[in-house]
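The data blocks that follow each hold one structure.
What follows is subunit A paired twice: with subunit B in the first complex and subunit C in the second.
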Partner chain A sequence: MSGTRVPFLQPFLETRKLRRTGFCPAFLGGGLLGALVPAVNMAVRAESFTSQSGSPFRILMDANWQLMAQLNIFLVVCGACILYHTEYADNGIQKARSLPMRPLCLFLGKLTILAVSCLLPLCIEALSLLLCRAHWFSDSAGAGRQLLAGLAFELVLLLPTAAAMLFLSSMCQNMWISLGAGVILVFFSSMLPQGSAAVALMPFASPYRMLHQFSGREALWMCALCLGEVLLFCAAERIYHNIRRCFS
Partner chain B sequence: MKNEYRPLNLFSLFGVEMLKIRRSGIFWILLIPAVMMWLPSAMNANVNFLVNPFDISPEHNYFIQGYMGLAWFMIPATLIVCTVLLSQTEIRSRGLVKCLTLPVSTAKLCLAKFLVTIVLAAVQLVLSIATYYGSALLASKLYAYDFLLPLSYVCRCASLIYLAAVPAAAIYWMLSILIRTPIFSAGLGLASIVPSVLMLNTEIWYSYPPDYPFYILMTEYGRIAPDVFGAEIQLIPMLPIGICVTVFSLAIACARYGTAERNSDSL
Partner chain C sequence: MSEMNIIETQNLTKTYGDFTAVSHLNLHIKKGSVYGFLGPNGAGKSTTMKMLLGLAKPTSGSFHINRKSYPKDRIAILRDMGSFIEAPAFYGNLTGEENLEILRRILQLPKSAVADALELTGLTEHRKRQAKKYSLGMKQRLGLAGALLGHPPILILDEPTNGLDPIGIHEIRTLVRSLPEKYDCTVLVSSHLLPEVELMADDFGILNHGRLLFEGTMDALKRTAENAGLPTYNLEETFLSLIDMDNRNRGERI
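Showing the complex of A and B:
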């Protein structure tokens, strides 16, 4: 059968390319590092947090999420860089381009992997938050639901960053350029003012947000707009490939 | 015929390394953050007129706040990017294997590359001072207030900050050589930035070299506003530890440089 395209198999192909790049251990290690943040913070100064009133998750998130989110963003930046580095390192991309496959398929496959891999650190961090809550706080009503909702929300907020970073690294042949640009973007996102709604939606800045900062309706809007941004970056990747073909 | 062979010395090797990165565009990565960081602070320079609890003059506040982002994040991050750049130029197209065929000691090669990292950091230092003066001039024009600090003060302060970054640079360089997979060396380096502010606030800040640049800036802050931070740079635990870490990291880096390429199984 000639010309058969099976786009949904792309993620499985991509996982095989990631063997021996250290991608999985990096996400595992990053997740464990992120999980250490609330545990260490609570262990060192538990009184200042247990004395606060309010939902335990909210206290824990307010105290630790800035650092954990920054670690997650760094992970996404490194992950996106390595995903395209495997293609560019030994001119694998030329071979991939000679296959009967759209370049966008490659992008979507890599995006799927990055999105699924983000779940790993997020789950480890959620588990750590849960353990911290069980160990230091007595009130544990409705913990599971809050945690799952928070986890899903943070995953959706991380997706625009993943798509943007992957788009950037698909454009850069040399890994250090995409890494450098990513680092600069992380830097500026951490300097942006926290209050405004437009900033909250920007890739690289959105993962710092937390679910309890929004009302239910606002949170749904945030999720919808973030998914819209992901589609926007997919479209940008498509257009970029068409333009690149004209010039190379 | 007489044998004309003379081994290359460190400085000619350094020149060769500079040639290798001449078309890499690293200059832009060094320039963009310096410009983009100072522009918003020039635009919003009027926040420095607000009464602050420590009674700092607006021009000092402007300088310290601007350099904070640089010392905390941008210096370590650009050092990491530089080490990735240097190791990538060699690993691509098996450049290092070709280098091993030359009559050059790998330790010298390794040191020459580290020297390039330091020079790139120095370039960023000069750029940051230049952009500081540019933005301070702009802010002075915008708000009709003299934001400029004397050149000697700015240079001394900024140079100390960058000098304090040398141990961290050595550590990142060692990481990039020991850890062959770029994701780990870059990821570990970036992860080390995250807890640096936390470490600075503990008793044992000197045991964590990545927070040295920020420490130097905070002592400068403390000199202007004594309530914020200690004004004296505590050289005694910091300087010996910094030197030991630098020497130790460089020794390991030189010893391990190119070992994977020498092992024929990995080719």
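Showing the complex of A and C:
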């Protein structure tokens, strides 16, 4: 019997585990809901925004991103809970842990899936912003580039939240505990002072930030620090796995 | 490590706070044998099996499996083992076939391995049904199919006949009994059904309160029991008397 550590195969295997869990419909539905925010906002009070001066993309983001980001964070919370619920519901995780692969592979596989899945709502929301801009604003110069840069930035800013939430979900056998904790963190983070640089870096709070709030150099630092946070959560998961084995 | 033994533990111990689940356990499991691991509830059977699978970290002691030592060769050890611990572990949202397919890909086995395992455990007919909709016996069979996938050289089975009807129990017993000859497989099996273990095992290990009371063949067990003045009509009688005697001695010790 041959075996492998399957680090690169893991995300592919994780997608197979997601059949009939509602994971994909949840991200699709969440993305559509997020996309409705700017559309409805513009449809209801277009004049308040079209009368403003400045980049249309910035106006749209300033007007809608807080709610859209909150929906995205909530989607990440639900996604992480679903990903680990499939493991704990019928004890599949015990089998996974007795297979010849590194313990962190499972976490990294799920993190990859969650990160890639976040692209779906972000793309739908970006498309909605693009359509709103085309429909209500006349200036569309450089829209594509701005949108792509914004999309990539928001994805990177969502990663610490995804890693933190997966870490939390991996610790809770009962999905309702991790979901409850996640929801509390979502609302807690929305109450934190927005101006603070420390808060801007915190998981659950960082996705509220927008690219235009930072200079090019600051944005790069922000991305690097967010990726560093992801590595920290991976290390925390590794340590947690070792501790858990002592008590199981 | 003896050439004959595929699994050997040296003073394997697991404690949780001030509770000792397994105490200085020295197991010697011969290659190509079926080893019956017996003991009352809470004796430390599952904890021992979990330690062998790397699911629980030993507090002290060590073990060697197939000439590989833990924890240095953990991944290589797991590559040699199929397991079924405590209760069937699977993904309820997936079908029986999809569950085995995931394991097959991780173990990098040929595609035919899934059909083979399904056939071996009598699940072929139900392979397209979601695992959470399986009956308890079918879940048990799915767990067994996962353990048997790819015919690993070592099988660790914890209560594999739980929840099975008498026909299922007979089938699993026949299957386990046939594995060493068919696939050159070594089986470590625990069960509360002592007559079943008596029929399927070559060697026995009896555990009580984390300590190994006896290890050896049925004949050796009978001789030990006779010398101690215990009944030897069948494994059940001998087992119960041995445990009772140990509990009384333990009470005196405490």
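As a convention for this text, the second predicted complex is superposed on the first by the 246 of 248 C-alpha atoms of A that agree within 3 Å, B and C clash if a C-alpha of one lies under 4 Å from a C-alpha of the other, contacts with A are read in each partner's own complex, and residues count from 1 in each chain.
The rule is simple: a contact is a pair of C-beta atoms (placed from the backbone, for glycine too) under 8 Å apart; a residue touches a chain by one contact, two chains touch by 3 or more.
Small disclaimer: the values here were computed from a predicted structure and weren't measured.
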Which superposed partner A:94 touches (first subunit B, second subunit C, both, neither): second
Which superposed partner A:113 touches (first subunit B, second subunit C, both, neither): neither
Subunit B versus subunit C as contact partner of A:191, first or second or both or neither: first
Touched partner set for A:245, first subunit B, second subunit C, both or neither: second
Subunit B versus subunit C as contact partner of A:13, first or second or both or neither: second
First (subunit B), second (subunit C), both or neither touched by A:21: both
Intersection of subunit A interface sets (partners subunit B, subunit C): 20-21, 89
Contacting residues of subunit A [partner subunit B, same complex]: 20-23, 25-26, 29-30, 33, 67, 70-71, 74-75, 77-79, 81-82, 85, 89, 174-177, 179-181, 183-184, 186-188, 190-191
Subunit C residues touching subunit A - in the complex, by the definition given at the top: 16, 50, 53-57, 75-76, 78-81, 83, 85-94, 98-99, 101-103, 105-109, 130-132, 146, 150-153
Complex contact set, residues of subunit A against subunit C: 1-6, 9, 13, 16-17, 19-21, 86-87, 89-95, 97-102, 242, 245-248
Interfacial residue positions of subunit B with respect to subunit A in the complex: 24-26, 29, 32-33, 36-37, 40, 69, 73-74, 77-78, 80-81, 84-85, 88, 92, 181-184, 186-187, 190-191, 194-195, 198
